[in-house]
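Please read through the structure below; I'll follow up with questions.
Letters A, B, C, D, E and F name the chains as they come in the text, with residue numbers starting at 1 for each one.
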Amino acid sequence: MTPRRGTGDDTGDEALTACPPPDLMLEPLARAALLEDLGGYGDVTTRAVVPPGAVCSARLCAREAGVVSGMQMAAIVFRLTDAALRIDILHPDGSACAPGDVLMRIEGAAAAILSAERVALNFAGRLSGVASLTARFVAETKGTRARITCTRKTTPGLRLVEKQAVLHGGGCNHRIGLSDAMLIKDNHIAAAGGVGAALGAARRAASHMIRIAVEVETLDQLDEVLGTGGADVVLLDNMGTEALAEAVRRVDGRMITEASGNMRLGRIGQVAATGVDYISCGALTHSAPILDLALDF
Amino acid sequence: MTPRRGTGDDTGDEALTACPPPDLMLEPLARAALLEDLGGYGDVTTRAVVPPGAVCSARLCAREAGVVSGMQMAAIVFRLTDAALRIDILHPDGSACAPGDVLMRIEGAAAAILSAERVALNFAGRLSGVASLTARFVAETKGTRARITCTRKTTPGLRLVEKQAVLHGGGCNHRIGLSDAMLIKDNHIAAAGGVGAALGAARRAASHMIRIAVEVETLDQLDEVLGTGGADVVLLDNMGTEALAEAVRRVDGRMITEASGNMRLGRIGQVAATGVDYISCGALTHSAPILDLALDF
Amino acid sequence: MTPRRGTGDDTGDEALTACPPPDLMLEPLARAALLEDLGGYGDVTTRAVVPPGAVCSARLCAREAGVVSGMQMAAIVFRLTDAALRIDILHPDGSACAPGDVLMRIEGAAAAILSAERVALNFAGRLSGVASLTARFVAETKGTRARITCTRKTTPGLRLVEKQAVLHGGGCNHRIGLSDAMLIKDNHIAAAGGVGAALGAARRAASHMIRIAVEVETLDQLDEVLGTGGADVVLLDNMGTEALAEAVRRVDGRMITEASGNMRLGRIGQVAATGVDYISCGALTHSAPILDLALDF
Amino acid sequence: MTPRRGTGDDTGDEALTACPPPDLMLEPLARAALLEDLGGYGDVTTRAVVPPGAVCSARLCAREAGVVSGMQMAAIVFRLTDAALRIDILHPDGSACAPGDVLMRIEGAAAAILSAERVALNFAGRLSGVASLTARFVAETKGTRARITCTRKTTPGLRLVEKQAVLHGGGCNHRIGLSDAMLIKDNHIAAAGGVGAALGAARRAASHMIRIAVEVETLDQLDEVLGTGGADVVLLDNMGTEALAEAVRRVDGRMITEASGNMRLGRIGQVAATGVDYISCGALTHSAPILDLALDF
Amino acid sequence: MTPRRGTGDDTGDEALTACPPPDLMLEPLARAALLEDLGGYGDVTTRAVVPPGAVCSARLCAREAGVVSGMQMAAIVFRLTDAALRIDILHPDGSACAPGDVLMRIEGAAAAILSAERVALNFAGRLSGVASLTARFVAETKGTRARITCTRKTTPGLRLVEKQAVLHGGGCNHRIGLSDAMLIKDNHIAAAGGVGAALGAARRAASHMIRIAVEVETLDQLDEVLGTGGADVVLLDNMGTEALAEAVRRVDGRMITEASGNMRLGRIGQVAATGVDYISCGALTHSAPILDLALDF
Amino acid sequence: MTPRRGTGDDTGDEALTACPPPDLMLEPLARAALLEDLGGYGDVTTRAVVPPGAVCSARLCAREAGVVSGMQMAAIVFRLTDAALRIDILHPDGSACAPGDVLMRIEGAAAAILSAERVALNFAGRLSGVASLTARFVAETKGTRARITCTRKTTPGLRLVEKQAVLHGGGCNHRIGLSDAMLIKDNHIAAAGGVGAALGAARRAASHMIRIAVEVETLDQLDEVLGTGGADVVLLDNMGTEALAEAVRRVDGRMITEASGNMRLGRIGQVAATGVDYISCGALTHSAPILDLALDF
């Protein structure tokens, strides 16, 4: 059986995008963020200045082009602040947006909308930033089989929503965390006393429901892995483009190949052309600038 | 690449047993259980009756033979109640015990030991019950390649510790929950409009780091799965022993095979002899009687 | 004043069953169980395979005869996953069920129902298991004044719902935890320096709103307790049937009598015939196998 | 069996005072209070003004006479802020203090002591206020069998520590909350359709481990209660002193008697002289002024 | 620029009162208080005695005159217990009430209303007590520019709602906690090595968005503060009335003046007449007796 | 009194840096991040591969130059995973680092260090990224009175640590959240019916301990603000450099001036030269790329 991998024309992530995680999973995050911002006293400006009973209609708009994420989250933020707000999502998570596009319309109590505005924008701007940067990486893989994937280098507390944002941008997801797949790195190999010992221990301990990946930095290490029977996935770390191409040839479909390390815009097309299955990039989540969004009244 | 699977002589789970999850992961559970039992007022009997300053030495003992689990948990329970207790684990998690064996020694304030006793026993008795029942299932697989595995039919809130208990009993673990592996069941297939559609959707959406299992109940369904290119794991549900043997033949190593449904003591040996890779059994966690443990002073 | 006790024709627990604890008390448990199963990513199979917008009608059915419990909990689980699900409970908690009976009907988004299915079943199967085992114990007390009661040997985190399940099965409840009643055991007596000292300390410290029980293992100990003026309840632990009968005679209505230790099906009728008021049994909650339930679509 | 009750020379509450609830039960409260005061940024004054590394010695002192409570809590507050602080309790909970008395000495990092000061004082002042007011009520019962007890009219969130403070002041505790004893009030009686129906329902549903109290406001109602066989405790609500005395005579030891309603300093001696067993007073916890404490450096 | 301060005819707090903090901020407090009272089993009396399906209409009434607070909180308490209750607030937070006034009407399931009654009253009585005491202090400032303000001497866990209660009573609020404004006290000054050093350090570290207050106990200390360029606010602590008047003269509008220490009813008018801007009083929150409220059926 | 403001030679933030918030405030964040990554099963790779008992020494190193932040947080992360780890911080928060610098040394159990590595790096890399970007903005203000400040555009959940990181980079902090200072924006002004009405309402409602800022976008709006008596701070939003200079002239020290909107590296020097007191920039926290850090063994 050839190990399963993604292809350039996959559309499955669209399924994950179309069927989001239940609000139940996002609400604690939204609630905590609101309470963090509301502090010990609530929105003292709005409480002092906005007349009781004032209502308004607000539009969450894009100020620049990109890919939208965080609409589910922003809607939860507004609803938690005031369950009576009417919320209409015009650009769902995963859709492209142009400057000026209205992504969401919110109507109801002005005080609630103003108090929730910043938290909603903090989520939506950041997550749309991740989706938009992902889309730029994905664009460079066009015409290849390579797929862009994220890493565990996510913002503490935001892993779920950042991983969704990567999906929204057209990328795909790596393991969720430490417990759902094995990724054997150099330090594991050193502690185990060699790649063979590490892979053997991993294979013995692994559930039949989790995958094993092993990281190599040189072609020699790759050969060593292949000599031990391999793993499900080989992570080719910090290799030059030529070495990557040679690695793909040597693996010859026996493992899923993933290139990582120094994966920056401008270089992706060339890496994708080596034939690797996946290109993983921590910057998608650890260094994406926000997408500029604003709430207009 | 032949899909990786466990073998009868695997020792890897011993690694997981030897290197337990950090206390950090178990403490919230221990803390919640203690507060549940302490109620709104604390241990009113002990507070009234035990003289302040009284110290004692207690032994957590087995009243029947089995396999020990829950010692890590019990130790956390005692330490949370009184960090000054001296705790000595004599039978670590995963070891066999005979009636009368002293599993753990606890010394220090009598009030703390008495107040924590029931919660510590509730964890240790229940988890040792899971480990001991698992060991009985495992014993019936002797001489075959089949391995015993648990399911998601765990006690709400106790999944992590019950899965560890299965390891302690010599079994191995299935997926952790809904998010770390795909298991396509009949209802998924019905909703997707057929096994081919379901498997196709799963393959497109699946990360390269998670596995796909598909459940079949008949050999015809199995053939249909094989016809679509298969999955990582096929779960042969509620099949008779002969059908299982035929299924293993038809799969012929192209998928990992897992038998489930009606897996009870006395039948396991016969199922294991069909050549299936895994036998999964919900009863390990949902219907295991406790192992009889007690605290002697 | 003769101490109050239950009688075989009591119907009061039906009141507790008819008027359940508010959802507020069960929701944290349901929420935690759902998040435990959903993990860090949600139900990846359903998200990938079930078409967005698919709706279905599911029936929670009994596969074997027993007494139902956990319907309140299962309904909360489904509602937390998707507040728009329509839920219809056909067999409320405390009712008997036969194989094939439809206990609950759930209609709405297929994805929500599939994602919540296992958690709902884990609660309902386990709690119906407790209720059903309790009912079997209760049946053996028929024609006597004895009542079946549970202990503090409950699953950590599930005490409230397991105690409700005991009510659903026709049993009654013991103290909730350490803070609401005094139960003086052998170790307390040893620490206090004798049963008289222990009882004296307990009486002095006890609020007028809590009861005092004392555990004895021999008739001599019972005489000692009676000699000190007694307690509200005497727990006759690990006594043979004849000794129990003699103990009941000696107590002569001055204390409520509770038999415990080695209380197994088949022996209950004989114990009940001794005239004890209560028979307590840890196995009701620590070793009940689940009742086999399933969700049919 | 005559129902157990307290007497004027009881010393049992001293046991509860000497053996406090474990820190585990108080820490969440201390932690929440500290985080409430620290806000989103910490103690900005101390951080700006106190030189790093500055150490000091502080004394928690009484500014007025009273009974000390909250020392366990204050110690937890300081330790949570800085585990390296040296804390010495000179006047433990339950001891009397005079103006100027040093209750606790704290040594270590000046920044930590200053940041925790207000929270520690808020607990200690409030709880000592409860203890001190209780002691004044208790003093008025001198020479009688009556005991002072608190109610459920406690500060939301502080029930456990306020109930301990009542013990420290020489009082005793009522039920903890709604689940550990039955207290049938006028509205329950109205809903049940009469006191007989209410008591009957209560007796049938009550566990053998919980007590039943019933509230009456007139002697006629008391007679009705006595006519139905009574309860464990009768709460004589809002009765004049003569009516109380008559009620005690009519009860004649068949129930524990508790007087409540309009119990204020100056009237207690007279109420206690009626022979009631308990006098309950909500003001102990809902209206006690703080005891003036301060932290001196 | 003259520092902003309040004046006797300010109405701004009415804005804060009219626009309360979102329920989101109060719900955790209400939920925790309900669970504290419900304990491990729920309201056992109501569950046993009140017939299932019984409905009733209850009125939350004032038994004495005062100022209402806690209606928002009480409404949340009832709704959390049963979302189907119909709640009608007749006297909103901040309004005056006379004995017999109906503050809130609650209709629906009798069991829910009875189970939530005590918690709702505990909040409403306590918070109305704070509001009512505040109103008495405010009344004594009539005709002066002085405003009454609270302190950080609040009940642990209740700071937000107690500060709202002070607003409801016509007072105004001080800083929320340690992180939102600087208040340099004697111990800070001692640690910093003098008032000049402390103020300098504070000014350098302070954000431009937070205010600095400094506490002085003598006119000499005040002169020293003025000599260093002052702060936004000077807290004149424990000064006699004449010293306060002299202090106001010396400050001459260059700082906001706040008098504190020994501020009791009967003295406030005289203090207010000195021309101080604010009078702060810990007793508003640490020693206010409750306002007597009750639930009538 | 001229409103207090910062100057170019301020050193006060160093005080805040030297005296960090107590670990108590950061631990919940560290704990949640660890549990997020550990998932439901712990670090399955390390548990399988690293021999029990293996110890190692690791160095947290900088791969590029910048300003360090997150060392307090990383130390908490490691300690929570294993309290026995020895941790030595060589470059404390706020210090500059060069490529190759060892920031922290960690010694102890290899399994614990490997399991905590990613979470520690996720915090430290992100926070050092914020500090380093801040330092680049601060560098451009050299020789001017202008100070760099952050905004509320922080990562949900990380506000406290990101604000500390801004301090570490030499910047200063804005308000913490919605409750500790008033910031009147265009939407508030619209809702209030004009800047005069808004400022009046704000002044009436504001505590004497919080500051009021008002946002203007044109010189005409500024004149309007000045005409109403102003606020503590005026936020000059999205103005060109010349308009900013003119605004500073018109304010003439009567309000603290803050420039915001489109504040990017390269433009700061020019903005700072206009004489504004503060330059606020959301990008410091919403778009800072991480500083490249790694753990070497």
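Definition applied: contacts are C-beta pairs under 8 Å (C-beta built on N, C-alpha and C of every residue); 3 or more make two chains touch, one makes a residue touch a chain.
None of the values given here were measured: they were computed from a predicted structure.
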| item | value |
| --- | --- |
| Centroid comparison with subunit A (C-alpha atoms), farthest chain | D |
| Option in A-F, A-E or E-F whose residue-number contact pairs overlap C-D by over half | E-F |
| Interface sides of subunit D and subunit F: same vs different residues, half threshold | different |
| Of all other chains, the one whose Cα centre sits farthest from subunit B | E |
| Cα-centroid distance, subunit B relative to subunit C, in whole angstrom | 24 |
| Intercentroid distance (Cα basis), subunit D paired with subunit A, Å | 53 |
| Shared interface positions of subunit B, touching two or more other chains | 12, 15-16, 36, 38-42, 44, 46-50, 115, 159, 173, 176-177, 179-181, 201-202, 204-206, 210 |
| Pairwise touch network: line, ring, star, complete, or other | complete |
| Contact set on subunit D toward subunit A in their complex | 36, 39-40 |
| In the complex with subunit A, residue positions of subunit E that touch it | 12, 15-16, 18-22, 24-25, 159-160, 163, 173, 176-177, 180 |
| Contact set on subunit D toward subunit E in their complex | 29, 32-33, 36-51, 54, 56, 110, 114-115, 118-119, 121-123, 125-126, 129, 152-159, 176-185, 187-188, 190-192, 198, 201-202, 204-206, 210, 283, 286-287, 289-290, 297 |
| Residue numbers on subunit A that touch subunit B, as the complex places them | 1-6, 10-13, 15-16, 149, 172-176, 179-181, 201-213, 230, 232-233, 254-256, 258, 277-278 |
| Complex contacts: residues of subunit E adjacent to subunit C | 31, 34-35, 38-42, 44, 46-50, 52, 80-82, 111-112, 115 |
